[in-house]
Structures are given as C-alpha cells and as structure tokens.
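Take a look at these structures.
Next come two complexes built around subunit A: one with subunit B, the other with subunit C.
Showing the complex of A and B:
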C-alpha cells in the first residue's frame, strides 16, 4: 500500500485509515507511484482558469490560492468590509475571520496549475465565524497537464448562534487529484448548511467531519457527484452528535457513467448523552454504465436512546416508466434521459438560497452529463 | 478533534425500580453443568492434535490431509479485527480441541440419563417429545452425536440426515465433493481453525426432487470445561429438492470464556429450496460481562443452481460475543437469498452480525430484514454487504434494518456496504434507530396494560416480521426467549 500517502491522508490509526480507503486504495496506490516536486506557487494562470472564477457577483470579495499559496495578483478583497479579516501565516496557512453578518458571499478559489513535471501542494485554511450569518463559496479548479496533487485541510469553527452557508464546487480535469479534509465544529444553536459538488478528477477525496458540539446545533449537508470517463470521487462524511437536541439532515446524490467510480460513506454517530438528537441521511445513486461502479455505505453509530435516526441508500438506474412517460409525450430518448438525471441531481442543489448560484451549479453538473 | 473519544459522561437517568433491578440480575435459566465424565484431549493445538482428532474419528487419509492443510493455512493468518467488538485475546493453546462423553451410546435408550435430563431441562423434544413434535433431532453433545431419531422415516424418502462423522464413513464421495466447496478451508481465520479441528456436526443430503418430509433440527450444547466446540454442518439440496433445517442452542453457566467456531455450508442446486433457522441462546456471561460464549460462526449458502433459494432466519439472544454473517452466494440465474434476523444484546453482550448477499447470476434477488435490540450496556451492530457483480443483470436487493434502544448505556450501530457494478441492478437500503416511544407506552398504559407487558408487546411487534419466518414451534420459543431476556430492561 502507498504507505506515506495513506499516512498523510485520513485520521485515526492505520486500521481506520485502511478501512476508510477501502474503495480508493488502488487509485491512491497509483498516485503514490509518482514522484512529486513542490508545485510552483508563481505559475501563471491560464486564461481558461481565469474565466472560471471571475464572477461579477463576488468581485471585491475574492481570495485566490494558487497551488496552495495566496495569490496577491488574483485576489481582490477590497470589498470585504470590516466584518471579514483575512490572515496569512507561514506554511501555507490562512485564516478567515467573520465577525458580523455579511450580505454577499466570500469567494475562495483554489487553483491547481501544472508544472513541467508532477507536482504537489498543501495548505491549511481556518474559517471562524464569531458572530452573525456568513456565506462562503469555495471553488476548486485545475488546468489539464502534468499531474497535480493538492491537499487541503480546512477548519470551520462556528461560534454559538452563528450561521454559515457553504457552497463548494470542485471541478477538476483528469490530471488533477485532490485530498480535502474539512473539520467543522458547530456551537450551540449554530447552523451549518453545506452544498458540495464533485465533478471530474483523477481522484477526489473529501473527508468531511462535523462535530455538532453545542446543544441545538444543526447541520444540513447536501452533495452531488457526477462522474464520467475514469473519474474517481470518494466522499467520507462523518457527523458526530455530541450535545443534546442536535440535528443533521444529509441528502447526497451520485451519478456514475463510463468507467467512473463513485464512493459515498455517510456515518452518523450519536454520543452518549446526546439525547434528543435527530439524524436523517439519504443517499441515492444512478449507475449509467456497466463499467462504472458505485459503492455506498450509510453507517449509524448510536450510543444514546432518546434518539431518532434514519438512513436510506439506493443504487439503481433511471426509472423506465418515467422514461416511457416522457417519450410518450414526444420527448426523444436522449433528452428524456438527460432530463431525468438532471432532476435527480437537482434535489441536492435545492437548498441553495441564491438562485443565480444554484443555476450556475446546475449548469456545471449538466455539462458533464451524457450529451443529448 | 479527529482523535478525541466521543463520550460524554451523563448520570444514568433510566428508571430503576426493584422490578428492573431484579430482572436485570436474572440468572441464566439454562445455566447448569451436567456432571458426566468427558474424555478430552489435553489443551493445545499442533499438527499432532489435528492428527489425533482425525485418528479418533477413523477418518480417511484425504480428510486428515485436508485438516492439516487448513491448520497450516490457519498458522499464517491473524484474527479478524474489523468487527466492532471488544475481544480479549484468545489463547488458542489453552483450549482443548476434542472431548466426548464416555461410553458412547449405540441408541437413544443407552443415552446417559443425566444427558437426557439436561435436554429435558432445556425442553429439547428429543425422545418421545421429538415424535410428538414431529421433529427429527440430531443432538450434538460436546463433540459427538449421541442420538438420532427419525432416521428411518427420512431414509425412506431418500434423505440422508446423520452426523458428519458418519457421513465421512458412509458417504465419503458426497462429503469429499461438497466439504469446503462453499466455505474454503482458508476462507477466514475461524473457518480455517474449524476446518482443522472440526469435531462433529450434521450432514443433510436431500436428493433430486425430494421434499424433506419433516423439519430437521439439531440442538447443540457446549458442556465439558475449557472445550471449544467446532461444529461443521453440510447441507445439500439437489435439483428440485426442498428442506427446512432448525438449529437451536444453549450452554451451561461457567466463568471462562468459551470459544465456539462453527462452519455451516449450504448448497442448493437447480430449483432447490433451503430454509435454515437458528435460535441461539448460549450463555451470555453475567451482568458484569464475566464468562459467556464467544460465538464466531461462518455460515454461507451457495445458490449454485438456477431458481434456487436459500433463506436464513436467526434469533440471537445469547453469547457474550457474536460474530456471524450468514451469507448467500447467488450464482444461479433467478436465484433468491433471504436473511431475517433478530439480535438482542443485554448487560455487556456484544453482537456484530449481519449478512452478505453476493449477486452473480442474472435476475437474482435478495431481501434482508434485520432487527437489533440493545439493552443494558449491550452493543449491537448490523454489518451487511450487498454486492452486485458485473454480470448480475436485473439484480434486486431490498434491505431494512431497524434498531431499538432500551437504556442510556447501550449502543446500536449499522454498517451496510453496498457495491454495485451493474447498471441494471436496483439496491435499496433503509435503516432506522429509535427507542420505544413515550407515545406508544402511554397508549398501552392508558388501555390498562402493565409496563412490562407493554414493552414485550411493542418488542414483539418490532420483531414480528422475522418471527413469522420461523417454523411455528420455534416462533413460540423465540418470542418467549425475547420476553425473558428483556424483562425489566425498561422501567
């Protein structure tokens, strides 16, 4: 096994890591075959990447990190206002502190730019919401070329009675692999709403760990992966109910076509004493090709009895009857299939309040679905 | 954050009445040791012991070699660690691998009366009662079969039902053909151990087109001290054959942990139908978790033929630790696998149980219904795998696993693994965890139903889906077992 990478990615002892990489071992091993140079932080961004993150709606509140390093040239934080502080310290570590409501979202872009040889980068980001309601959009992008392996550890700390809406779009070319560890702590009466979109990538691994640490803390997690070609995406979600009357609601959707492999593990733990917890998880997947594979594992670990916990998972294909209905209304098969898959994915995006953003994400998902 | 243990200290708020305390401290009613002399091999395991076991059973050369091969493979393996179980390391050299009651009886009449008394206390319908109940019993006492009834009736139908040692002597071609063909000797740590030292067990062969005229049943008991018991069961249903097999067990009380590592292999050919039911009530250890049986079992059915069906039903209330995953390999086209389970853990019992459904053939179907009940400090885990291979066009699975929590210190866990490689497959999994709701209790109480009765009613309703799969006499036993096991667990 690719010991050094396994050691680096994941948590717990060797056994736990081995288990959590159960379905992505081969992909990780393939990554470990390569030698990596340190990624060039001053690499010029190709125009195609620039276009991807230059959104009119977030100008003035944009932080751009190129190969793990804060990019003065591309970032623009002129309009963040007094409530947001962006800090930087040694070792590619950044902090964003939000104190007070922010109306318009912060846009944080992580760009993977290839060098002449295989390269890798790592960075740490801490986001603290001290008070009020915050919105953050994360965007992961990359340019095709020599292999790039990015690893990013992030911490989200939500103080009591705060709220964070996080939208995370990770759209990678097949030469880029990313490991993302997200640790979130949600305080009493605080609310974390996340939407993750995973598209493309040689290996995309998302470890998302949420501690509902204060009473009445709440998590709503939405996510969708749409994979094609030889894409490989692996999401490991761990929600831990540590206090009374905490709630989580998890809705993830997955689509795998061609030779892609999609993995989702959603584990919910209710600790002793976390009575009154309410946990819901739904994971549905569509398998569109006989060479694709979906592995799903919705797990529950319950140590308290005053609890409501339920999960459901399905793997299947597009409903033939619904397809027949659409075709009987004169819609060609390919269009009907696309409509069905789009609607299937849309369920995971429905929670995004900002209509423009929701539309943008829906378009990105649609772009990778089988053509009409 | 990543490594800190997730445990919050809270005062135990669960209602504690005298009834509860009393019921929680109930003694294990089947806990007694029958005092008959056993002739055991000294503790320890090496090639000599494996040869000695084989020699005592007058086994042919090929079987001795088969055992030795398994033993050598076992030496290269390590105990599995992935289960959510807290197991003290087992000293395999401290176990005696063979014991049998002295003076082997030739027929039921010669059976040691004390032994019969034991079965009596357990309510085994062996002797007269067996006839009344219409059940053929192949009783395994420690390692050697002591009595078999209804052999003649079965023989007339062409069904072979005997101990596996007898089968080795009388039907070696069948044993050689099927032994280890479903669970290979090197399959897992405990299956390898069993293959090396298996003591005895049942052998069932139902030939082509025969519907077995009666329910078959075996009662296992662990008796002599420090003796691990290693049953081996092999059940073959040929084309269009059908059979229902019942297995139940209970063990006497003692302090040392006892290891039990059985292997059960089922083979179903074209259009065959096998129903395998278990009620397991081995000694679970006392309220502090001292003693109790380690129940590490490998059970697997191979739906080799087209349109074959294997159905597992289990009610697990005993054992200190249960590690058991009755599985179905759905190889034949249109074959069907079923798993129905009720698992209960109380005091400090731990169970990691579930099933594996491997879909290989076209249009294969499987259904899983698992009900877990945790009380006291019990830890109950469902672990299941549904795997749809590339060629399993039209495969269909439905899984439902529900957990019921009774008390603040128990745990209920669900770890389903779903792996799908065929786009024509439909796999569905649903799970819920809850406690008995106050509304349900209030409703029952307001109708004048006592607390205890209300709990047992609700639990019975919770398990009904599984109980209805059991043969009638077992369903009654299982229901009673659950009632007794849970008495007073809720205030």
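Showing the complex of A and C:
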C-alpha cells in the first residue's frame, strides 16, 4: 500500500528501503492512504508563519520557499553580496552557489501551507560551496490545517578546503509530514558542520548521507529531536569515509514525551583505502513518558586499516535523583524537568557559534515539555 | 516576633515510614524549636538518612503513621519545592551531579523560585552575584565552581561545602544536614562548621544528622538525640555525644531496651 511513497522516499534498493523504514512503516502507510492535490505555491502565508521566520538578524539574506516554490514576495537577498548566486530552473529545482566567504548566515525557509484538501509538494535544491566559508540556517515550518506532505531533496557539494556551517530547524505542526533527503559531498580538507533540530510533525523523516570524499574531509553532525503528543521523527544518518584521514564526529540527542516516537539510525562506513580515518558517534535518548518510544541503532562497518572508531547509544529516563535535588532547592517540578531536558540536549547544541540562535533552539527544544 | 524562639518549629509525632516495603522509622517523635540545634546520632541503618529524606519530601518514602507539623503546616502534604520555599533545606549526604546544568543558573533559579513563592521580588543578576560572592568567601569556595555544572567533577569535600554554600545562599528556617561530615578532612569540617555557626540565629533551627561526635565539637548542639532502630531512644545535652563516643551505641540500646538489644544486637 505504501509502495509508491516507499519508492519515492529513500535510497538504495527495495530491500534497503524496506529495512530503513521498518520503524516508520505504519506512519508512512497512513500517509500513502491519502489522496493529495498539488500544494498551492501561491498560498498566502498566515501571520503566524511570517512571525516564525521574520528574524531581524537575517533580513536581506533570506530565501523563502512556499510549498516547494521560490517565493519572490517573501524572499529578499539584497544583502547577501556577490559571493552568493541563487538560481532557478524548471520543476521546483533551485541552486545556491557560494563562492567566497559569507560573514553572516543565509536563511532558507521552507513553509508548508495547507490547502482546502490534503496536498503535497516536492522540490530539489543544490547548494555548492565553491570557495570560502559559508553559513546557512534552514528553517522548516508549517501551518496547522488540512494535511500537507512535503518532500525535499538537497545536495550539498563542498569543494576542497571549503567550510559549511548548517543549522537546520524543522518544527512542524501535527498536520504536516516531511520527507527530507540530504546528500552531501565533502572534498579534501573541507569541513561540514551540521546541527539538525527536529520538532513536531505527523511524520518527519530525515535521510542524511555524507560522503567524506577527499582526504582530511571532516563532518561534525549534531542533532536533537524533541517530540511530544503523537509526533514521529525518524533520522537515518549515513556517513561514508571514502578517503584517507577523514573524520566524523556525530553527537545526537533524542527526547520523547507522551506517545511520541523517535528513531535514530547512525551508520558509519569506512571504505577500503580510507586509512587513518577517525569516526565517533554518540547517541543518547531520554524517554519522558512510559508511552513514548525511541529506537536507536548505531552501525559501524570498517574495511580500512588504522581506523579509530567509537560509538555508543543509550535510551534512558530522567534522573529522578537529580530531579529531586533541583526540587529540594525550591525549583518547581515543571521547571526542573525542563532544566533536565535542556541539559540533556546541551551537548548537541553547544557547537552553534551564534549564542542567540543557540538559545532560540534550546528554548524550542525545552518547549517539548509543558511550562507548568 | 517576641517569644518566637519558644515556639515549636517542627513537631514530629509517632512517625512510621516504609522504604521499599520495609519499615525504617518505627514511631519517631521529635520537637525542634526555632533557634535550636539538634543533633541526631545513631548507628548505621538506624533511619537517620530516612528522616532527612522524608522531611525533604523525597519520593519512595511512604509515611504509614504519624504526623509532621512544620510551623502551622502539615509538612507531609507539601511538594518538595514547596517545602524548600517554606524554608526547609536538606544538605544531601550524597549531592547529585547534574551535567549540563550550570551551577550559577541553578542557584539563581532556585533562589528566585523560592522568592517568587513567598511573594518577594526576584533578584537580578547583579544582586544575585553580590550575594553569591559573600557566601562563597565564608565557605572558602572558588568562584570557578560557579561556572561548572552542578556538582560535576567536584571533589567530595567541594560537594559538601557546596551544600553548605547553597544553604547560606537560600537562608532556610530549618536546615537538615545529612552526614555532611562524612568524608571530610579536618579543614573542610571546620569550614562546614563555620558556615553553619555563622547562620545560627534565634529564627533558625538545625537538625544535624551524624554518625560521629567529631562534627559536634565544632557545631555544639543544644540537644542530642540517639536514633536506633527507627526511634529516638535517648535525648540529652551535648554531653550525651561524648558519652556515646566513649561507650558506643550498644550502650544506649542496652539502656533503653535491654531485651531487644540482647535479641537483635545493634
């Protein structure tokens, strides 16, 4: 029943797809049972969505995509400078080319706006970093209403000795589902630093594949999912060390409350010849309710010599001793629980240089728990 | 305020407490007046830590009988955070490490939550830091501890001094020290005692739970109680602590309930 969506969403052959969707099969099937119209690209953005992304700090450096289509009206790239070129081709396909340092981040917003009936959109985006150091903030948002299914494929191509810092915040209402495929290629001595935050959503699936293609290429992947209600988020990270002396450092944290469902699979492959590689993966998860569920699966495959590799994954509950300690000093239970969740996720957000942005993300993450 | 020092701050009557299905406190009664320092001594397993935990409101401590009145309130009905805001403070025997929660942030959140509960204005960061610096100096703690996570990587002595530092900052009415002296060297012990003595006042009471008499050389109690097998079996003045040091706990158990002591030992 879910065959059409399964074919569309994911990588590899049929068996690999089937396997990678094993924890989200039911959620995907439910999506597949709906009929979808093509999402309206000219839909007006409700004020609630405008407020979510209209940050003073990124005015003039913002690209807004509404239901998969570049929005002339909401985008403003007057301040990005000569080093950034935004291109558009037919079929909801876009390219962003970065050639030279950009001091202040580009802000790319993907808005899901519901129609009168269930609708879906698809888009392809290619980001090429030709030279220098770039910063990009991606934001996925959505308005509550009839269901919307968004599907976005992106390629990040980092030329040798370039650097990209990507912060990706995906915060969806329960009527929106998103599939995201991110394929990144990191050249020699290039560095990709990513921080993904996944909040809400009927189903959000992130397939993130990174090829460390040139020697001394480096990936730092940070991520947090914080889920409540019946949220469902599934992240499948694949890192492939394809060249000598490449390094990856993966730190992901997951939190699930109520009846939420979180999945994290972190697979690292060190290919033959990628000698001297260094792979680290840490995934820790926190269950806040007995009805929540988190599945974590670290996987390491090593075909090279002189490789350093370490991985660890845990699923646990909030430390009741610590909670009592905080309360015994006068901190109300709800605040103490939020403090614990924030602390738990802090390591995964620590790498964000911009303190305001880091604080914003920490606040969004702790909002998974009610304030009182 | 006149005569306040003669009022009962804490009145525990016939308290029975079960932990994991086992009765630990078996009819404990105790009265503490404002301004007094009471020491609770006793052998291992007598229920000393249970007493501290049940007063602070820890989960898993089931009160099956008896009452605890604090001021004019039924203490057992209050949440742990409400007890704290009403002035109850427990210095933990084993302070908890909380990675990721900054010490300064934690202390300010705690102090302001208590102030808010009492209808007092919250302190801004300047006012807060001024107060923090004053108290740090008393405990000979380094500023640097403020920037670390709560108790994370603290030495045993630092953890215990940090408890007393928190007590100094939060200015409770009833402070319960649960074996704060265990694992402390003599210098740290003196610092802890200085911290406590500096806070002694007619409005404040202390319940000092300890296994050894040593701490009581520095914090001289008004009353010493011996807790054995879930009850107070003997009470006296500071001299009682010295007698215990000399004769051991078997002596008290023997005086109080000879038949039981013979049957069960201590």
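We take it that the second predicted complex is superposed on the first by the 369 of 372 C-alpha atoms of A that agree within 3 Å, B and C clash if a C-alpha of one lies under 4 Å from a C-alpha of the other, contacts with A are read in each partner's own complex, and residues count from 1 in each chain.
Criterion: a residue touches a chain if its C-beta (ideal position, glycine included) is under 8 Å from a C-beta of that chain, and two chains touch if they have at least 3 such contacts.
Predicted model only: the values in this text are computed from it and were never measured.
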* Simultaneous placement of subunit C and subunit B on subunit A, clash or fit -> fit
* To do: Applying the touch criterion given at the start, work out whether A:211 contacts subunit B, subunit C, both or neither, answering first, second, both or neither.
  => first
* To do: Determine, under the contact definition given at the top, whether A:342 touches first (subunit B), second (subunit C), both, or neither.
  => second
* Examine A:353 and indicate which partner it touches, taking first as subunit B and second as subunit C; both and neither are also allowed. => neither
* Check the residue A:290 against both partner chains and state whether it touches subunit B (first), subunit C (second), both, or neither. => first
* **Superposition-derived comparison: subunit B or subunit C, residues of subunit A touched** => B
* subunit B versus subunit C as contact partner of A:329, first or second or both or neither -> second
* Structure fact -> Rounded to the nearest 10 degrees, the Cα-centre angle subunit B-subunit A-subunit C in the superposed arrangement comes to 80
* Taking the superposition as given, does A:87 touch the first partner, subunit B, the second, subunit C, both, or neither? -> neither
* Does the superposition put A:60 against subunit B (first), subunit C (second), both, or neither? -> neither
* Asked: Once both structures are aligned on chain A, how many angstrom separate the closest C-alpha atoms of subunit B and subunit C?
  -> 14
* Structure fact -> Residues on subunit A touched by both subunit B and subunit C none
* To do: Name, in rising order, each residue of subunit A that touches subunit C in their complex.
  => 319-322, 324-333, 335-336, 339-340, 342-344, 346-347
* In the complex, subunit C residues that touch subunit A -> 56-59, 79-81, 83-85, 89-90, 92, 95-101, 106-107, 109-111, 113-114, 117, 149-150, 166, 170
* Asked: Inside the complex, what are the residues of subunit A that reach subunit B?
  -> 11-12, 15, 19, 23, 183, 185, 209, 211, 240, 242-243, 269, 271-274, 285, 287-290, 292-317
* In the complex, go through subunit B and note every residue touching subunit A. => 1-3, 6-10, 81-82, 388, 390, 403, 405-435
